[in-house]
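Below, chain A partners chain B and then partners chain C, in two separate complexes.
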Partner chain A sequence: MTSSTPAMPLPTRRRMSSYARKDLRIAVFLILPAALAIFIVMIVPLGFALVASTFQYSLGQEDKAVFVFLDNYAKFFADPVALRSLLNTVIFTVLSLALCMTIGVGISVLLKSLAPRTGNVFRAIFAMPVLISPIIVSLIWRYMYDPTYGLIYYVLGLVGLQDFGGLTDSATALFSIVVTDVWHAVPFIILVSSAGLTVIPEELYEAARIDGAGAARTLFSVTLPLLVKTLVVLILIRGTDAFRVFDLIYGLTGGGPANSTSSLSIYAYKQAYENNQMGFAMAVAVITLIGLVILFGPLMRNSARGRDD
Partner chain B sequence: MALTGLTACSSTPNDSSTEAPQSDVTLTVSRWAGPQADAQQKLLDEYSAETGVTIRFDAIDYGQLKQKQTLNMSTKTGEYDLVYVPEAWVGEYTDAGYLADLTDYVKDESLTGADWDYADFNKSGIDVYTRDDALYALPYFVQTPLVVFDKDVLKKAGFEAPKTWDDILEVAKYFKEQGTGIALPYRQGSAIVNIMAVLLAGNETDFFDKDGALDLTNPKVVQAVDFIKELGQYGLEGSNGWHWDEVNKALQFGQAPIGITTSGLFTALEDADESNVAGKLGYAPIPYSKTPAGLLQTWGWGVTADSKNPEEAFKLAAWLTSKTAQKEMGTIDPSFISFRESLYTDKDLTANAPWLPAVQEALAKGVTVPLQTNAPALTDALSVGLSGVVANGEDPKTMLQGIQDTLVSQF
Partner chain C sequence: MAKRRLTSAGKWAILIVFLLWTVIPILLIIVNSFKKAKDIFTDVPRIFFAPTLDNYVNAFTKSDFGLYFANSSIVALSSTIIVIILATFASYGLTSFQLRFANTIANGFLVGKLVPVISMLLPIFVIINAVGLRGTLVGPVLAHVALNLPFAVWLLMGFFRDVPRELEQAALIDGCTRMQAFWRVLLPVVLPGLAAVFILSMQYSWNELLFSLQLTTLETYTLPVGIASFVGAISVDWGLSSAAATVTMVPMIIIGFFVQKYIAEGTTGGAVKG
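Up next is the complex of A and B:
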């Protein structure tokens, strides 16, 4: 039987020359090791975490694992401590990111207005905290926040604020940790945004001055729009770092008092190594990853877009 | 230190001082690479020299220790002969059949040596490693929290070593009014739960009732948490965020006249180069309501069920827990506290470890935190709840009722 439907014209496909096919094979061959490495190092652990999150098992007793499908995820959303940890993580991320970006970009803009040599000296001084590992930062600030012999309380005492709760009060502990994180992370913002500022053509500032633009107008109409790509990358790096915060909180409060500073990472760690619920901990890790994708996925896509996209 | 007299434990009697004994036995020992691991290695070398037994010492990080031990014992590789086991793992190990029953071994003088003296072990320590009347490990090392105080400062203020809840409240209140207070490890975490366990035992109660059901709303438990809260009011500023190490520092620098800290950190307090109060400190059990009590945070030596040389492994465990070897460990590291009753009053040891008599008094009624498989859920909930009580002033009874309601079905 013959069809009456007229044949659709097939898209014309240019035949590859034998040279092009050979090139393609070589390209695939050359890319393969890197692709394989990425698959083994990144995709396999993710797949393992996903699979493990559907089981209930203890560390060292994997042979007794019980398949529970999505029960671990349901358990997470039914646990008030887990939800508190999620909320704390979001609050921490938003506060830390907002303060880091405002202070960091603000300082780098100010430093740009100084003489180059003076600016470099201050930049080097301000960069120092970024060289310290987070766990050491937490130890330093644990003593700084100590009401008996800490510097913070000495200074607060001078202005009559010695009753500040600091790390030992549920109402102030999370904010106190944000302050520590900002101290640690702002230098990174200064360094990267300062690098971004160097590529803004000086002529644009000159033109703004000629047009009579003030400092604020210049900042919002020239500096920030031209710094936007750098800022997006900074928000991505700092935001994801803040969302995964573990060592600072672990060193400063261990998640207390009364879970007021427990983050998703702290919660996952406790489930894995204190409560010995590896499957549930994996589910928390996967939820953390999903949270990161929801919050920062769109930015990640936009940051990779070129001007012509 | 000479090891004369210990050769009864060895596989080949060392009757010649000129020839090294020969043995084709190789034992593999699994241990945490934490405190005392170096001193342990020294002793094991001495045992090897004494007996000719080759010892492979696998000291690894605490984080990997249980996983590695479990992996080896569950697959019955026979790789480990002797494993270092804390009290928290012994139930799981014995339920899984990983450990050999040592009940008959400890009665066999050909394995222990004539002067080993099983009766000298602290009974609480033996109980920790006993399941259904069978002994699964020899208790080796214990840590326990005590009250530490500056004797001169307390005496000047007219106080003696606090014994009861009322005593310590009076002392702490006095010093709080003087501008300091008592240093307490009240940070959310394990320390505050450890203290609660001791207070419950001191108030002749427990987390569980006689039938093993969760019993947190028992009035005696509520009383103990009320006491924790009241004592917290007289804590040195910042105590609500402190763990053992910060309490120790406050004592060590003389900022706190009194505090509750753990025995593993005592050496720093008595080191004249590091401490402002070395030689001035007194030690006492954590105050009680009805009877003195102490916490057992222990390590013991268990022989693996799949060991190819179980008797030789036991001989080594018996040797390591002998009075002489334990005294040597205590001499090398004063914070090493053995389960040997006779060593708590040994003058050579108490000269460097003045806390030993207080340890003996506390361990007369030694207790552990809950050790059931699902106990971490309880201890975690308690650490959070207690933190809420001391930091936010929450009501102890309400907090305990909440945990009871949430977890009662799990116990």
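Up next is the complex of A and C:
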């Protein structure tokens, strides 16, 4: 017997055998529960948020809700703290993304140049923070940034930079949180870009070497172009994560000092649970979603197209 | 040659600085968890000290840390089991039946991954509150199922696609029904994928803060919520919170060593193979 396999009857539009119809029933039965779960817990709440964002109401007093149409959205763009949160979110996303990608991809390229076994040991250690809960990361870095006992100040003091404001100065607080986010997220970039690097054929590096290309030339002409698909996926995942940042800020500063680290998620959270303005908070949540779609929508369509080939 | 030696030295310098940068913060918290307060609060980090287990004893006796630990285990386990069941069926359905809309549905799942948590939280909070389930573990379990399903379906679709079609067809020709072929032939082959989903979903649920923060009350706090309450206190008890943090994160770090190769594939929805 050769390994030629008889073709299974495929469901076609012309003739759907009872066999195929039964298959279709099984498939629907298999997919439906998961699709329903996503629909109920993700899509329905989104619809609810859209409707609720046009009302002014507080929790537990839904019967006193007043329909205000787009007023909540107008209020957002008239509130300086809201706009500050939007700006903070964009700054945080861009800065964190740029630093994470540069450091993460740089380290993975360095690791690839080591002997495989040494590289793997380093990679395993470098990846340690990847599964640590963000709230614990913020605990760790609260200690690192402690003005009296923190290691950051100790190290900066050694080089005469003890005046660094850290988390308590509104000029440096957001940057300090970015540093923490970089600590937490670079390991993830290293893992994914390393996986992407392993599929680049060795012959291409060989060829580059023969052509006399230096390390920098090889990086920009061979490695990065072939890594583009991985980089797009990484930017998508990391960028959307950074744009939604909540846990880290909640644990490190709570949005302070003077709202200098308030992000859209933190702002929405505070409006909902501290100021008890549910309708307005829903509007902020919807604006966050729209911001995500505007920033990352084009990339997402690209990456979905790339997936099919 | 001298130039090459210089770049090699530079390379190792970068790697060692990055090593210290990664490891020291983790080490500091673990070491602090074994220190008495007088050893934690020193201007120069103290390397030699008399170790103590007081912080661990305090965490489990004086705070409700043991309860949080139990709550987190229940939430993580039950949401993960539900995720695995739903995701295995769905990914099998999406890959093995040549459905016309399979790609559209799969992309729909992926979009779910990008919805901001805050825009899901507020409405879910309102709904859970209205049906009287706030303060039970049902809220976090449901939320974690939904948050984990998209990546789980994508990861498992990758595993099902890698199974040679001949394997399933041979089983069908031998007289198995579709579901028999699934249980006896396909499931054993995709077992590593199930293990990856199990661990990644467990860790996400174990670490998730925002939903648990709002959907639970004192008796149903999960670990991250408990730790957030330590951090949120006006003066942080560093010994106690370091012990709590160590107990929570060390299992994750150890598990991390074993699943690193799945993280790339699992979190990128199979776009990057680990």
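The definition used in the following text is that the second predicted complex is superposed on the first by the 267 of 309 C-alpha atoms of A that agree within 3 Å, B and C clash if a C-alpha of one lies under 4 Å from a C-alpha of the other, contacts with A are read in each partner's own complex, and residues count from 1 in each chain.
By definition in this document, contacts are C-beta pairs under 8 Å (C-beta built on N, C-alpha and C of every residue); 3 or more make two chains touch, one makes a residue touch a chain.
Not measured: the values here are computed from a predicted model.
Within the superposed three-chain model, A:31 lies in touch with chain C and out of touch with chain B [touch as defined at top]. In the superposition on chain A, A:123 contacts chain C only, with no contact to chain B. Once chain A of one complex is fitted onto chain A of the other, the partner contacts of A:66 are absent, as it touches neither chain B nor chain C.
Within the superposed three-chain model, A:148 lies in touch with chain B and with chain C [touch as defined at top].
In the superposition on chain A, contact of A:140 is made with chain C only, not with chain B. Contact with neither chain B nor chain C is seen for A:115 once the two complexes are overlaid on the shared chain. In the superposed model, more residues of chain A are touched by C than by the other of chain B and chain C.
In the superposition on chain A, A:107 contacts chain C only, with no contact to chain B. By the touch criterion defined above, A:273 lies against chain B and chain C together after alignment on the C-alpha atoms of chain A. In the superposed model, A:256 makes contact with chain B only, not with chain C.
Residues 59-60, 142, 148-149, 254, 273 of chain A are contacted both by chain B in one complex and by chain C in the other. Listing the residues of chain C that touch chain A in their complex gives 7, 11, 14-15, 18-19, 21-26, 28-29, 32, 40-45, 86-87, 89-90, 92-94, 97-99, 103, 105, 107-112, 114-127, 129, 142-143, 145-146, 149-150, 153, 165-166, 169-170, 172-173, 178-179, 203, 206-210, 214, 223-224, 227-228, 230-232, 236, 238, 241-242, 245, 248-249, 252-253, 255-257, 260-261, 263-265, 267-268, 271-274. Touching chain B in their complex are the following residues of chain A: 59-61, 63, 81, 142, 145-150, 153, 166-170, 253-259, 270, 273-276.
Of all residues in chain B, only 63, 66-67, 70-71, 74, 187-189, 236-241, 243, 246, 250, 255, 376-377, 380, 383-385, 387-388, 390-392, 394 touch chain A in the complex they form.
For chain A in complex with chain C, the residues that touch the partner chain are 3, 5-6, 8, 10-11, 23-24, 26-31, 33-35, 37-38, 40-42, 44-46, 48-49, 52, 59-60, 107, 110-111, 113, 122-136, 138-144, 148-149, 151, 154, 183, 187-188, 191-192, 194-196, 199, 215, 229-230, 233-234, 237, 240, 243-244, 246-247, 250-251, 254, 264-265, 268-269, 272-273, 278, 281-282, 284-286, 288-289, 292, 296, 300, 303-304, 307-308.
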